[in-house]
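One chain, chain A, appears in both complexes that follow, with chain B as partner in the first and chain C in the second.
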Partner chain A sequence: MHISARTERGVLVLTPDATRLDATTAATFRDTLIGHIDRGAHAMVLDLSSVSFVDSSALGSLIAAVKRMGPLGTLAIAGVQPAVARLFSITRMDRVFSLHPGTAEAITGLSAG
Partner chain B sequence: MALIYNTLRNNLLALFAWLGVIALVVLLWNLAIAIHDHITISEEMARGAETDAVIRLSYDLRREDMAMYQSLSGETAFIPLDDSATATEAAFLRARTELDGHSGGNHQNAVSILSMMQEGLSVRRDAANAALRDDPAQRAAALRDWRRFLDTAYPDLEEISHAMIAEMGTPSAQTARLTSLRYFALFAFRVQIGNRFAIERALEEGAPGTDRLTLLAEPAAELRGAANLAEDQYIADDSVAADRIAKATRFILTVYLPSEARVLKELQAGEPRTSSRAVWRSASHNAVELLTMAENALSAEAAERLELAESRNHAAIGLWGGAVLLCLLLLASAVHFTLKRIVHPLEYVHARMLQLANDDMGVQITATSRLAEIQAMYDALQVFKENGLRRLRMQTELARLNDRVVATNQAMTEEMEAAARVQAAQLPIPCDLPGARFHALYRPSRMIAGDTYDHVTLPDGRTRLFQIDVSGHGAAAALVSVMSHIAVKNALLQAAPTDGLDTIIARVNGEWKDSLPYFTLLLVEIDPRAGIARVVQAGHPPLLRLPRLGGVEAVGDGGMPVGALPWAEYEEVVCRFNPGDRLILTTDGVTEAADSEGRLFGDDRYLSLLSRHGRAEVKTLFDSLDSALWDWCGTEAFEDDVTVLVLEAKEPVYAH
Partner chain C sequence: MPHMLLMPRTLSEVSPAAQSVTGLMQDWDDVSCEAVDLALVEALTNIVRYGPPGETRPIGLEVDLRDDRVSVDIVDYVSPVPPGLLARAGNAAFDFDPDDLQSIPESGRGLALILLMMDEVTLHEEADLSRLRLVRHR
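Up next, the complex of A and B:
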């Protein structure tokens, strides 16, 4: 799995090119996110528009990233598909991450915040 | 069979055999020619010696004849007769010996003729010698007798000579010209001496007729013709024999024949002069000597030429014989070299290659060769052997490693199975709870599981039941699973009966170590007396309620996993749980079971299955769920743990 990174209006936008985020890629996913955070990214948009499935391991990676950012950082997630949205809903992670329909809205949300 | 004979060795040997046969045929052919020449030359030498002896006898006999004539006629005062007699006797002996050594009727006949001739001559010689001491009349009588005998002897000798010459056949190139010159010399000698006697007799008798004079002149004409012919033949030759014959011929033509002509002319005129006769006699004597010398030279040269031919022939036999031996030697050494240096090493390499191909590494490669290619093969053989040994060592090592891997795997499997048994031991078996029946479907994905569950019944009849799913699976997930099991169960056991489920879970969440993975949880409390169930959902799929009268409804709308965020809050939801109602707790292994293309079994299929079988016997429900999942995944081994717990509300006992 490759996660492309670009900066838009001062916000780091990460886009994984996978359709599934599961146990096989969770470690890479987690290390990539932690890496960006450790290099100083405190406002981050994760574009999951191509991801149709997220399992508990990948969710663990997201939680680890949120913990690493601390209370001052914000992780916004854009373009979640229904199954992923349902997972976030069941685990109440929709209250931890800010969910947006697309990356533009997410960036705007972060800039405003 | 063809395969057996079609070997390198046999091919090379066949090649050598062909080359050898061709070379030997060529050499032996030449050798045979040389040997044939040798036989021809030997025969020619034998015939030459015979002819020589007879010719010499003719010469010696005529010389003695001449000496005897001169003595008896009183022409000379003293002639050493003994010498000429000895020479003649020696010539007879030699001629008889040569002819005797030859097989054949003619020769035996010739030998007996010669013997008789020798005896007759010996008698006449003795008589003549005796007469020499007597008066002239006696001498004349002895001379007449001598003459008569020799006049009959000469034709016999002539006949033998002719027979010998006929038998010699065509003379070889070396001797042809010499032979014809010898005939000339012999002819000249015979004619000259024969005519001498005829003329002497005519001189003694005096006044010959014209016819007789013509007859006496004829031999001179023949001699002149023959001498001219011989002179022509000898112009280009510079040998000793040629020189002698030329001298004799010239003498006959320039001295003898003119002197003879003068004597005959005077005789014809009827006034013979003593001086002319003396000159003629001296010339005759000199001619005889010159012709004898020429014959000796011719005989010697003929023998010399034959000897030269013979020595050349010996050299040729030696050369070709040597060549045959050398050829055989070369052939033998070529075969020996090829077998020793090429064929045997190749057979050696071949045999050892086969051994190496059969993994027989005990083969010793000790041979060395002076031929670079063969040595390279030996070196390659050594490399093959070393590679073979290395390969065998690697195979052995691999087999050993494989055994170890198999053994380790076996040990690990056994350990995992043992661990699974330990883990399974903490899970409650299906049983009756106050007001409810508890059923469990438990399908760990890898023997030990991240899923776990348990229940605690409170003194007042309420039962609290939890289902946990640790993210991931395998040994680490199993350990976390056991830890979370203990943590939640302890929390349930230590909680006050009045503590709400949300409080208990929040407590577990707060105490869960940050470094450990989070887990999801569904905690259900059934209260049969109240006919209700309370639920806390923590990141887990929702509790499903199957009311007695039909339908499937999800209870609750989510909650944070335990151990994810320390500040998480939980809420307790309440639903009806009346007799006949079923509550179903499910881990995400069911809905997230994927088929071969990665498609999930999903909520819809699961809910549909529950709609159809949710109220059947629980065993039937579990069987249909099992088979639906196996059909979906195409395998009996699930990717994730699958746990389904069913609580079935019973009619309360106290109601009766």
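Up next, the complex of A and C:
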């Protein structure tokens, strides 16, 4: 799995090219997110528009990232597909991560926050 | 006639195995297919991750697809779920304080997700095999 990174309006936008985030990709996913955080990223948007499946391992990677970021950082998630949105709702992770229809809305949300 | 699948005991085979099962559910709704996909991925990942070191025999999947339900038996030489854990699993795995980020567990949701995604989850211990049966009603 490759996770591309770009900066828009001062916000780091990360886009994994995988369609499924599961136990095979969870370690890479986690290490990439935490790597960016450790290098100073404190406002990030994760673009999941190409991802149709997330399991509990990948969810654990997201939680690890938001914990590493701490209360002063923000990790917003954009473009979640219906199955992924249901997982966030069921596991109540929609109370931890702000979900947005697309990256533009997520960046605006971060800028407003 | 049930469909029989054998999954090599490696994480990279988990998603393809789950997708092989959901590929059989061609006239089912998306939500049901996604639920079976997630439940199978969680169960099979658990077996591969926490199974005995050195075990190389494949994991069996028996799929019984009916008009009103799909039943998937995961058949393995060791119990896919630790004894007693099935009875104790529940939605408590999803409880946390969103205002205390550091207290949110990074793992431990798999079994609760399986129970939530499926209508019936039962563990059958046979002579030298364990059978985890996952049933989803239409």
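Things to note:
The working rule: the second predicted complex is superposed on the first by the 113 of 113 C-alpha atoms of A that agree within 3 Å, B and C clash if a C-alpha of one lies under 4 Å from a C-alpha of the other, contacts with A are read in each partner's own complex, and residues count from 1 in each chain.
The rule is simple: a residue touches a chain if its C-beta (ideal position, glycine included) is under 8 Å from a C-beta of that chain, and two chains touch if they have at least 3 such contacts.
Since we're looking at a predicted model, the values are computed, not measured.
Contacts of A:Pro82 after superposition: chain C is touched, whereas chain B is not reached. When the shared chain is aligned, no partner comes close enough to touch A:Glu105: not chain B, not chain C. In the superposition on chain A, A:Glu8 makes contact with neither chain B nor chain C. Touch criterion met: A:Ile90 reaches chain B and chain C at once.
One of chain B and chain C touches more residues of chain A, and that partner is C.
In the superposition on chain A, A:Thr24 makes contact with chain C only, not with chain B.
In the superposition on chain A, A:Ile63 contacts both chain B and chain C. Judged by the touch definition given at the top, the superposed model places A:Pro71 against chain C, while chain B stays out of reach. Residues 20, 23, 53, 55-57, 59-60, 63, 66-67, 83, 90-92, 95-96 of chain A lie at the contact with chain B in one complex and at the contact with chain C in the other.
Listing the residues of chain A that touch chain C in their complex gives 20, 22-24, 53, 55-57, 59-61, 63-64, 66-67, 70-71, 82-83, 86-87, 90-92, 95-96. Per the touch definition, chain B reaches chain A in the complex via residues 469, 471-473, 514, 517-518, 520, 537, 539-542, 557-561, 564-565, 568, 588, 592, 598, 600.
Within the complex formed with chain B, the chain A residues making contact are 20, 23, 53, 55-57, 59-60, 63, 66-67, 83, 89-93, 95-96. Of all residues in chain C, only 11-12, 14-15, 30-31, 34, 37-38, 41-42, 45, 48-49, 94-96, 98, 101-102, 104-107, 109-110, 113, 116 touch chain A in the complex they form.
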